[in-house]
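Next up: the structures, one after another.
In the two complexes that follow, chain A is the common piece, with chain B as its partner first and chain C second.
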Partner chain A sequence: MLVFAISDKGGTGRSVTSSNIVYRRALRGNDVCYLDFDFGSPTAGAIFNVSTAERGTDRGGMHSYLQEKVAEPYRVDVWTSSDRSALRGKPPGAGQLVLLPGDSSGGEFPTVPSVVQQCVRLFLRLDEEFDLCLVDLSAGRSYAADMVLAATARPELAAIPFRWLVYHRWTRQHIIAAAGLVYERRGLLDVGAAHGHDKRRLAEQIRFVRTAVVEPSSPDLSALRSTQLAWLDECNRDLHELAGRNRVGRTAMLGKVPLDPVLQWREQIIVDEDVYASQIANEGTTRAFDDLATKIFDERAWEGL
Partner chain B sequence: MLIMGEVHTGLLRNLGELSETECREVLRLTSGEEPRTWQRPLLYAISPDVLTGVDCRLPSSSGARIRGTGTVSHRATIVGGRVLQGSSYTTLLRSDSDQRLPWSHYLAAPGVVEVYGRPRWQDMADGFVTPEPPMDVLNVGAISGRLMGAVQDSARLDRKTPFKTTRTRLRWLFERDDARGDGRPAMRLTLGRDTMRTLRFTGEPTTDVVAFCEDLALHDWLLTTLQTLIQRALIGTAAPAQIAARLSPAIDHLLHLWMPGARVEEPFLPFWEELERHPGFTRQWTSSVARIRDQITVNTLSLLSVTESRREADGDPSPRRGVPQDRTQSHSHPVRRRIFFRADQRSRRRS
Partner chain C sequence: MKLQPRQQLLEVWRAVSRTSTHDGRWTWGGRDGSNSISDTEQLLCLMFPASELTGFKIDVPDETAEDVLESLTALGDSIEVPKTLIRVIREYLDNYTSEDGRPLFAGGSYFKSNDPAQDVTKEQQDLDVVDSFSMSVTLMLSILGFLKVFRRSVRREELLREILDVESRASKRLSAAMVNLLRSFTINAFDPGSPQGRVLIRSVNQTGSPDRRVIEDLQRQLTGVRAGLRDLTIGSGQVDLDNPNLLFECGWSWGIVQDAPLVETDLDVGPPAGGIAPNLPFLYFTVIALTSITDLFSERTRVLGLLDDDQQQLANALQRRWDLTQAYWSRIAMFGRGRWPLEDIPWRTTDDAESDYFSLLVTAMVVENLLRTRASDTVLNRVAGVLDELAIRARITRRAIKDDPTVRMHSPGVIYQLDGSDAIGPSMHWLISDFAITLLKRTMGVASIAQSTQTRERLLSLADEIWVHIHKRRCGNGVGRDLWDQPSNVFADIEPASEVPSWYFTERVVEFLVSAAKTSEADPIRSPMLSDIAGEMLSEAEHLYDQEQLIWATSSGQALQPKLRSIEGNLQRARAIVRARPGSAMALINESLRDLELLALARENAAGAN
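For the complex of A and B:
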């Protein structure tokens, strides 16, 4: 399974949420890999605390591989290479957790046919080994998004299922931007169709993920005055209405992740220790990640809209 | 002189096992020439050696800038219609010239790279086995990787994997046995922390060494893959049915492929014998296989007790009613077959 993670804006929580999703699938025994296609700013190494790939690698990362400068992409085994003790050492029954970092000196490059072909090769190669390949794309309309839309339309990849996660924060601007990224002119559906995807079928493979959500009913907000709560409640209702109108509503949503104090301060994987031992992170956050990790593979969550 | 190579091993990207004809078709595409095949003791298909010209920096642990020119041989092998190997190797020899000669000179000695200057073999050998050599030195592993890709991308394959597996890489280095000269094999196999293994050994140089390395790489991959399946099955924690399901790829695709030494020439058999003593390849394999079979039996028994109690509830003592006789033969899944077999015995005992 290929999962593409995209967002219209930067800083939505796309990388952090995606990393936590693959981590939770690995814990459940799946072989997973995380591909850093955010060619402008490769950062996935930092989230997994892999210092050798903190800002990408100079040993043949994703860019070098796609441009055929190296035969095999550089890979990092998180269970053996992470500097964080909670991530080092594969837990019993866990699957592989592999990071394919970007190049430290990368930058975008245009989608030429040879690059698309190499991308197809990469996805086939990884499908041999991994149950889940999560591809972290850059924010907005990028060459990377264009390339994977072209690649997944190719007959060679017909047997490999793919899905899209569109991340956005729960604000007016983010809701409108996320909808635009998918539905507007030159959005994902348009570009996908131009590459030969069936627009309706492609739309069925796209779901939205809300990040850093504050629920007005949350006990964290119990200190607010009742007028403030009433106001929040009203805003929230407006947002739901706006989301529904923009086809980003509940039915198109795969899940939502609550605002977490730890993630607000640091981009990281939330391990059980953070929740139960040191109690710095919220249980609701890991539950949300787990829920997303389940739904990615749950056919019922991907039935026609 | 030194012979160095790297073998990559992985599962062929095809749902079913390939027949001999299909193996030939797939491999023909990589070299354009007719592959060789063997039927016994297992189906082997090997593409003819193909050459890649190289003119580049050579490995060195001291960081010395040594260069060489020549060719690297590579070939692809399919074992049992199921496992793919990409293998590349070259012999490093001292060049009589200190500059590049016409290509015809190098083509006259296929699979040889001539080293300029005064080669320090030990330094080159150490450089070759370091986990992350500089990006600009000769990388025979990249050639093996490319070869694997070329076969896996073949349109003759359905590009579906029966189960997920990791490729392993065996980087090997064969040195002439000058120092000891007592004819006894000396070798060191090291498992890296990821999928890389390194093998250094000494002896009388011959290219038969390649077949030995491929055979070792194959069995190391089988063992690695089996261990992974066992580890994921969570024996002792998960439910029997779940464990059996997680182990079933081993039974369906791997267990019959274990034949260490099958393709190895006489002079290299002592190396296998040494590996059997330490670390004990077949010992580990046999105990893993026993473990898998035990788990499958446990699951079968628990399935049986379920069906048995259902049958008693239905008041139907006959376990095979309505099942055509040949079903038991035609069904290829060993788990199922065993259920029928035991059910047979029971019904006979009852009547």
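For the complex of A and C:
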């Protein structure tokens, strides 16, 4: 299965959440790979603590491959290459966890038919090898998003299921921006339709993920003043209403990730050790990741109304 | 214990969804088994709050509140909950539709035999009963509204088709229930000299006036009602009231009246049902019918357009009966210049039975009428007195003595004979055990329209006391945990009942909690006295503030500016809310006055030291 991760704006936690989802899936025994399609700033390596690909790679990453400059894309096996001891060494029962970084010196490049063709080839190959290929796109509208919409509309990929995760933070601006990214003119649906997707079927493959969510009912908020809590509660209600109106409401949502200090200060994989041994991360965060990792494959979660 | 409707309702929802699902499947039936009424009550426990309170909406999955979702986890997440409910509703409609398409309203296991040696026959169990028509009207309206709103969020064809199917079947059941209600309405006319007439006259004559005068007064009082009743055209209860000397009473029998005429309508309601109920109003069923008929012309029903034209016609016919019945019983209950017949507890019915429960039922109708006519507090205070006394007499706000016969009214309940039922088996009765909760509901109803704080407080504190009693009666453990009813918790003489919840009682608690939540949603009472004082205080504070501003207008006042600004802010806010919430405004004004006074004091002090 192909999963495309996109966000309305930068700084939503798209990459870090996606990485964690991939990691959780790998722990459950799935073979997974993570493709860094954030061509402007390929930094996925940093999240997995792979120093050789911290700012992309110069050994022929995604850019080079898609523009047919290299025959094989550079691959990083996280279980052997991560500098972080908690990630090094494949846990028993876990599946492959492979990272396909971008080029360190790369930038955005326009979608031309040959690039789309190469992209189709890449997805076909990876789908044979992996249960889940998560493609991390950049924020907002981009050539990369255009390219994958074109590629997935091709008959060669018709048999491969794909899904879209649209990350957004739980604020007015982000809700409006996320809805715009999907539904407005030149949004995902429009562009997809131009490439030959059926708009309704494409819409059914898109779900939103809320990040850095602060729940007014959360016990973590006990330090706030009562007036702040009352205000927060009211804002939250407003946001729910706004989200519903903009078709970003609960029915279109796959999951939400609570605000976690660890993710705020450092984008990293949260391993069980962080939650139970050092207790720097919240259990709710990993639960949210797990939930997302489950729902990505759960047909019922995508059935909708 | 303070009543917290929202928390309580969430707790009930949690318990209902937990008790009703086993291995992901919905299970019907409570303490008295499964029947058309009990199952309706069970569903209403969820559907009623969902349709009446905005905070409990589940028809727009995007907007469902978090705590509501959390309480319904047993039924699924925000998207699954409505789907599960639709499945359950369809099952309900399947269960209570006969093979030839007739909606069924049988009393089933709620019918009890008078003869311990002979069970209620199958034929009797299948008899339709007003309680079921009434509950179905309320439930169908909830369902129709729910589906109408939910439909807007649905895109999938398959689900849409299912919704439309359930909708048309629910609408058919609603029509059938209305038709049946029209066929169970009855007017009983009698001669003043008959035994019934004598009982009625004795009830209304509280001042010892000559009977002849009382009859004349009564006839005059009832002229309007009589005229209205004579004009009724469809359904049962078309009686010749032309003889002005006859007395009468009106209301609902316990089921479809024997030989009731058919109701002509273009609506599909299935083949008509027969009836064997006598042509006599039964107080209990009258109150039950009246309660649901109000739902037919509630604001929600109108706004959402839940009735089609033909149904609207039936609803209008029912509304006329509602008006007349309400008016009839209020006139009777509050007749005369002396003590009201209602205050003469216990109430005596024309078949010469008397019970505190009948007093409660008549009070219920009176309260309903007061709600509509916005009665004055003098009247409300008298009703409050009746409610108060009923609570005492029923051992709700007083302890029961040993072997107290009154306790039997709560458990097993008041035995209500269903006359006429012996035509096809042993004679039957109905067990009514909702005294406490009905009393609470009516108390809350009166409290919600009280205009003076004093009356309201009196009623609310009575309501709180009754609530404590009801709250204690929750089942403590077992499948019915957090649901009702376990009267042995409050009455030592009673054997503990089964731990399976009684949907009969629980549904009534839910209904009460919903009305309590609505009352809390409304604005607090505005006391004119408090308003006046707040206004005066505000003008003093503003004046002092202006003076202070004058003094500090020079540059030396810079350091004090934040303080003055906060005073100004407070006063502005106070001015904005003084009309709606004078008490809150006063709190702000007080603070400002204190600050201003400290400044004045400091200056006086400096001046005095010179």
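Heads up, the rule we're going with is that the second predicted complex is superposed on the first by the 303 of 305 C-alpha atoms of A that agree within 3 Å, B and C clash if a C-alpha of one lies under 4 Å from a C-alpha of the other, contacts with A are read in each partner's own complex, and residues count from 1 in each chain.
As a convention for this text, contacts are C-beta pairs under 8 Å (C-beta built on N, C-alpha and C of every residue); 3 or more make two chains touch, one makes a residue touch a chain.
Predicted model only: the values in this text are computed from it and were never measured.
S.K.: A:H240 contacts which: chain B (first), chain C (second), both, neither?
M.R.: In the superposition, A:H240 touches chain C alone.
S.K.: Please indicate which partner A:S217 is in contact with in the superposed arrangement: first for chain B, second for chain C, both, or neither.
M.R.: second
S.K.: Comparing chain B against chain C, which has contacts with more of the residues in chain A?
M.R.: B
S.K.: Now for A:E299: first (chain B), second (chain C), both, or neither, which partner does it touch?
M.R.: Neither: A:E299 stays clear of chain B and chain C.
S.K.: A:G95 in the overlay: touching chain B, chain C, both, or neither? Say first, second, both or neither.
M.R.: Touch status of A:G95: first partner only.
S.K.: With the two structures laid over each other on chain A, which partner does A:T251 touch: chain B (first), chain C (second), both, or neither?
M.R.: second
S.K.: Have a look at where A:A71 lands relative to chain B and chain C in the superposition and call it first, second, both or neither.
M.R.: After superposition on chain A, A:A71 lies in contact with chain B alone.
S.K.: Would you tell me the residues on chain A in contact with chain B in one complex that are also in contact with chain C in the other?
M.R.: none
S.K.: Provide the residue numbers of chain C that touch chain A in the complex, in ascending order.
M.R.: 60-64, 66-67, 78-80, 82-83, 153-156, 159
S.K.: Using the touch definition up top, name the residues of chain A that touch chain C in the complex.
M.R.: My answer: residues 200, 215, 217, 240-241, 243-244, 249-252, 300, 303-305.
S.K.: Write out the stretch or stretches of chain A touching chain B in their complex.
M.R.: 29, 31, 59-60, 70-72, 75, 77, 80, 92-93, 95-96, 121, 124-125, 127-131, 156, 159
S.K.: Once bound in the complex, which stretches of chain B touch chain A?
M.R.: Within the complex, chain B touches chain A at residues 10-11, 13, 132, 135, 139, 141-143, 145-146, 149, 152-153, 158-161, 164-167, 193-194, 231-232, 234, 237.
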